[in-house]
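Letters A, B, C and D mark the chains in the order given here, with residues in each chain numbered from 1 onward.
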Amino acid sequence: MSCDAAGVVAALRSAAEVVEAHRDELVTLDREIGDGDHGENLKRGFTAVLSKLDNAGDTPGAVLKVVASTLISTVGGAAGPLYGTAFLRAAAKLGTEPELTASSVVDALAAALEGVVARGKAEVGDKTMVDALTPAVAAARDAAGSSVAEVLRAAADAAGKGAEDTVPLVARKGRASYLGERSAGHMDPGARSTALLLRAFADAAS
Amino acid sequence: MSCDAAGVVAALRSAAEVVEAHRDELVTLDREIGDGDHGENLKRGFTAVLSKLDNAGDTPGAVLKVVASTLISTVGGAAGPLYGTAFLRAAAKLGTEPELTASSVVDALAAALEGVVARGKAEVGDKTMVDALTPAVAAARDAAGSSVAEVLRAAADAAGKGAEDTVPLVARKGRASYLGERSAGHMDPGARSTALLLRAFADAAS
Amino acid sequence: MKKIINDPSTVVTESLRGLAAAHGDILKVRTEPAVVYRADAPASGKVAIVSGGGSGHEPMHGGFVGLGMLDAACPGAVFTSPTPDQVQAAIEHVNGGAGVLLVVKNYTGDVLNFETAAEFAAAEGLDVRTVVIDDDVAVKDSLYTAGRRGVGGTALLEKIVGGAAEGGYSLDECEALARRVIGSVRSMGVALTACTVPHIGEPSFVLEDDEIEIGIGIHGEPGRRRVPHQPAEQLVQTLLEPILDDLPFSSGDRVLLFTNSMGGTPLVELYLAHGIAERLLADRGITVERRLVGPYVTSLEMQGMSLTVLKVDDEMLRWWDAPVRTAALRWGA
Amino acid sequence: MKKIINDPSTVVTESLRGLAAAHGDILKVRTEPAVVYRADAPASGKVAIVSGGGSGHEPMHGGFVGLGMLDAACPGAVFTSPTPDQVQAAIEHVNGGAGVLLVVKNYTGDVLNFETAAEFAAAEGLDVRTVVIDDDVAVKDSLYTAGRRGVGGTALLEKIVGGAAEGGYSLDECEALARRVIGSVRSMGVALTACTVPHIGEPSFVLEDDEIEIGIGIHGEPGRRRVPHQPAEQLVQTLLEPILDDLPFSSGDRVLLFTNSMGGTPLVELYLAHGIAERLLADRGITVERRLVGPYVTSLEMQGMSLTVLKVDDEMLRWWDAPVRTAALRWGA
C-alpha cells in the first residue's frame, strides 16, 4: 500500500469489508452486554464511507476528515461520535501532510485516543474501546522507529490483545455498565471493532 | 335418587362435579374450533349454581328456575343464554309438580330443546348442542313408558352419540362456523357438555 | 404463561379497579354485575349508547366510555360475552329518558345475551334498540353461518354514534346513523402470533415461525387460512383487497382508514403498515379523509393487525370530529 | 422473525411515512436526516423543545410532537441514538428565536450525539441548553457507571416542560423546571419477554417460561436480575419499592403515577397492575394526583411494564394539565 491519500482510501475500503464481514459477530457481542446494534451501526457507517471515498480528498488527513464526518452523521449510538472524534482528531493531527510516516501514524493514533477519552471519559479497565486503543497507541509508539506497516501491525496486535483482555472486566462505561457484574465474561464489542479496524489498516499497509 | 326437589338438587350437585371434572376437556374442544372458554364458562356457571342450591325451592321446577337464572347471569357467551333458556323452559313445563315422572321429564327435555332452538335458530347438523339434545329428546320420548332413570339414561346415551356425530360436521352456527371446512374433525363443545350433563342426571337418577 | 395477573378468575375485576383508579374523572366502575359507566351518568335527555363484550379487547369497550362516545360498557369474562344482568344494570344506570341504543358485535353469545337484556328492558317499558355490527369480511356471510363478526368497525361506530347522541340525536336518528355506518364499514385482520387467555394458560392456536393466519377474529379463534409470512407491502394488500372488493369501495370514495393493532404489534410496524394502506388507497383513487392508528380493538397480546375502511359522508365526519373524552380516544375535550 | 416490515434497513423511514400520513394535522416528517417536527414549526417566540433517541420506543418521541409538548423529535435507527445531523436539522427547523431545550435520555450514545449537535448550534450563536434525564433506579448511579438510564420519566418531563414552553416560559425557566422534574422522578421496569430488533432478527435475550427480568431498560438490554415469575401483587411491589426508597417518596407526598407498558402487555394486565400500584401508594400515605396508563415508552413488542413516580407540585401539575395535541397524548385541544 502506498502511504498517500489513495493508500488510505484503499485501507478504508478493506476496513469496510472487514466491518461487513464481522457485522454479525459485533452484533452478537453487543447483544450479550449491550443492545445488539454495534455491528449494524458500523456497517451502516462504513457503507456510507464507501460511497464517499471516490472524491474524498488529496491527503490522508482530508480523507480521514470525510470518514469522520460520515461516521458521525450515519453511525449514531455511542460508537458514532467516538469513532467520529477519533478519525477527526487523527485527521487534524495529520494536517495536510501528503504521505503518512511511521511517526505521523503514531501521533495520529495518539490523537485519536485522546479524542475518544475526551468525549467518552472512559479509563483503561472500563471495558470500552479505550481498552483496545490505549495499548495500541503504546505499542505503536514503541514501533515508531520502523515503518508505517510495522507501526500499524504493532498497534493491531496490541489492540487485539487489549480486546481479549476486556473479557473478564466489569464494564463501567457505556451500555454494558448497566449489567454490573453480569458484564464480565464477554468481550467488549467496541474494543473488538477497534482491533478489527486496526488489523484491516495493518493488513492494507503490508 | 328421589324425584322430588331434593333429588333434583342432588342431581345438579353431581352435574356441577362433572362440569368441574371436564372443564379442561371442554376448554380444549372449544379451543380447537371456538375460543376456548366453554369449559370455564360452564364451570363458573355451575359453581354459582352450587351456591344457590341450598334454598333453591320446594319443587323440581322451582329448583330448575333458580338454575336457569343463575346460568343466565353468570355463564355469558353463547352457552349462557342457551342453557339458561333450556332450564327455564324445562322449569316452566314442570310447573309446580312436586315429583318428576318419566313423562314430565320427557316433556321438560322437549321444552328445553324447543327453547334452545327458539333462541339459537340452529338446526340438526349445524354442529351445536342441538345435535345432542335433539336425539336425546327423541330417545327420551321412546322411553317415556319406563322410569325417570330410564328416560334420562336413554337421553344421555343418545346425546352422547349425537355429540360424537358432530365430529365430521362443518359448523354452521356459533363461533365454529367462522372456520368453515376447518371446523370438521372436532367434536362440538356444546354438544359434548349437553351429553355430559344428561349423563350426570341419568347417573344421579339410577 | 407469564402474565401480570394474580389469578385468572379475578383478572377482569382487578383490571376494572385499575381502570377506575386511572380515569376517575371520566368513568366509574361497578361490580356484580360489572359495568363501566360515565362518571356523569345518566345524561338526562340524551340517548344512551351501551355496548360491551368479552374482556381482552381493551381499550374497547371500557376505554370508549365517556363524553361523546359510550354511556356504559359491559365487560364479560375474557373473550366471553357479558351476561344479560350486566346489560340490564348498564341500561338502568345510564338511561337518561331518551332511550338506549345497544351496540352489539355479531357473535352468537353477544347477540343472545344483549337480546335477553333488551327483552327485559322492553318489558319494563324502556325504549331500547339494538344494532348489530358485522364488519369482518373474513367470514362468509350466509344464512348457514353465524354471519360476519363484529371487529374493528365497532370503534368507529361507537365514536360516530356516540358523538351524534351527545350532539342531540334522537334514538331513531342514532339507530339510523348506526345502521348506515354498519352498512359502510368493512374490516380484515391478520395474526402473526396467537394470544393466551388467562384461564386457558396456553396459546389459542399455534403458528409456526414463518406462518401467519389471515382472517383472524378478535377472540383468539383461528382465522380462515394460514399462509407463509410475507413482506408488509404484500400483507397490507392481502388485507385491503377483500375489504375494498366487498362493499365495494371505488375510485372517488371518501373513507376513514383505521389501522388497528391486535395488541402486541409495535407502533413502528403499525405506522409502517398504515403508510402502505394510505398509498394503496390513493392508488385506487380513494380519498382518506380521516384516520385512526393504534391498538384499539385488540386480542390480548396477539401480534397482528387489522384494517378497517369506512365509507364516510359529511354526517359521519361531523360526528367523528365531534369532541370525545374517553380513556382511549380524546379530542376537542 | 415475524414482523410487519419490508426490510430491516428501511423500517424507520417507512414507519415515519405512515406517521406523517396518519397525523398530517399535527406533525410533518423530513428524511435525510430524519426529523419529526410540529406542523406549525417554528413557533415564533416560543422556546423550542427537541428530543429524540433510538426508534422502537414508539409513541416516544415522534408521538409526542405537537402543541404543548415537543417541537421536534429525532428518530435514530431502532435502539440507536440519532446522529448529530438530525439534531442540528431539528434545531434549525423549530428554533423560534427564544432558544432550544434538548431533552436527552442518559445513554452514552444519546448524550454524545446531542452534545455534538449542541456544540455546532452554539457555534452558530443559538441559545441551546441540554437536560439529561436519568430516572431508572435499576441502574446504580455512580462515578463508575454510565449513570442511570432515561426511561419512562421522559414522557412526563416532555409533557410538563412542553406545556410550560407553550405557556410562555423562557429558556431559563424551561430548563429550571426540567431539572426539577428530573430531580423528582424515578422509574423501574420489568420484562416478561424480550423483544426482537429487526436488524438482529432474534430476541435480545432469552427468558425461560417462568422467568422474568427485573430492572430492564428500554433497549432490549438485559436487566439487573432474573427471578421466577411472580403474581402481579408482588411484581408491582418489586418495582415500586426501589422507586419509593430512592428519592425517597414519603407519606404526604403528592405524585403523578405512570404505569407504562413495554409494548406487548395487554391493557387488561396494565390496568390491573396500575390498580395495585395505586393501592400500595395509598397505603403509604402518598396521594396520586394524576396518572398516565398505557404504552408510551416501549421496547418494540416486549411484554412487561414499568412504573414511574413523579413527585409533583402545583407548577408541575399546571403544565401537566395544560392542553396537549400530539399523536399519543391529547387533551384540552
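We take it that a residue touches a chain if its C-beta (ideal position, glycine included) is under 8 Å from a C-beta of that chain, and two chains touch if they have at least 3 such contacts.
Keep in mind that this is a model prediction, so the values were computed, not measured.
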Chains touching both chain B and chain D, listed by label: C
Label of the chain whose CA centroid is most distant from the centroid of chain D: B
Quick one: chain B and chain C, Cα centre-to-centre, how many Å? 32
Counting only Cα atoms for the centres, state how far chain A is from chain C in Å. 54
Per the C-alpha means, the centres of chain A and chain B lie apart by a whole-Å value of 75
Report, in whole Å, the distance between the mean C-alpha point of chain C and the mean C-alpha point of chain D. 29
Send over the residues of chain D in touch with two or more other chains. 78
What positions in chain B touch 2 or more of the other chains? none
Please output the residues of chain C touching chain D within their complex, sorted ascending. 2-7, 11-12, 14-22, 55-56, 58-59, 63, 78, 192-193, 195, 209-210, 212, 229, 231-233, 235, 259, 263-276, 278, 288, 291, 293, 295, 298, 300-301, 303, 305, 325, 327, 330-331, 333
Name, in rising order, each residue of chain A that touches chain D in their complex. 27, 31, 34-37, 40-41, 44, 72-82, 84, 119-120, 126, 172-175, 177-180, 182
Residues of chain D touching chain A in the complex: 9, 33, 54, 76-85, 107-109, 112-113, 115-116, 138-140, 144-146, 149, 197, 199-200, 204-205, 217, 219-222, 224
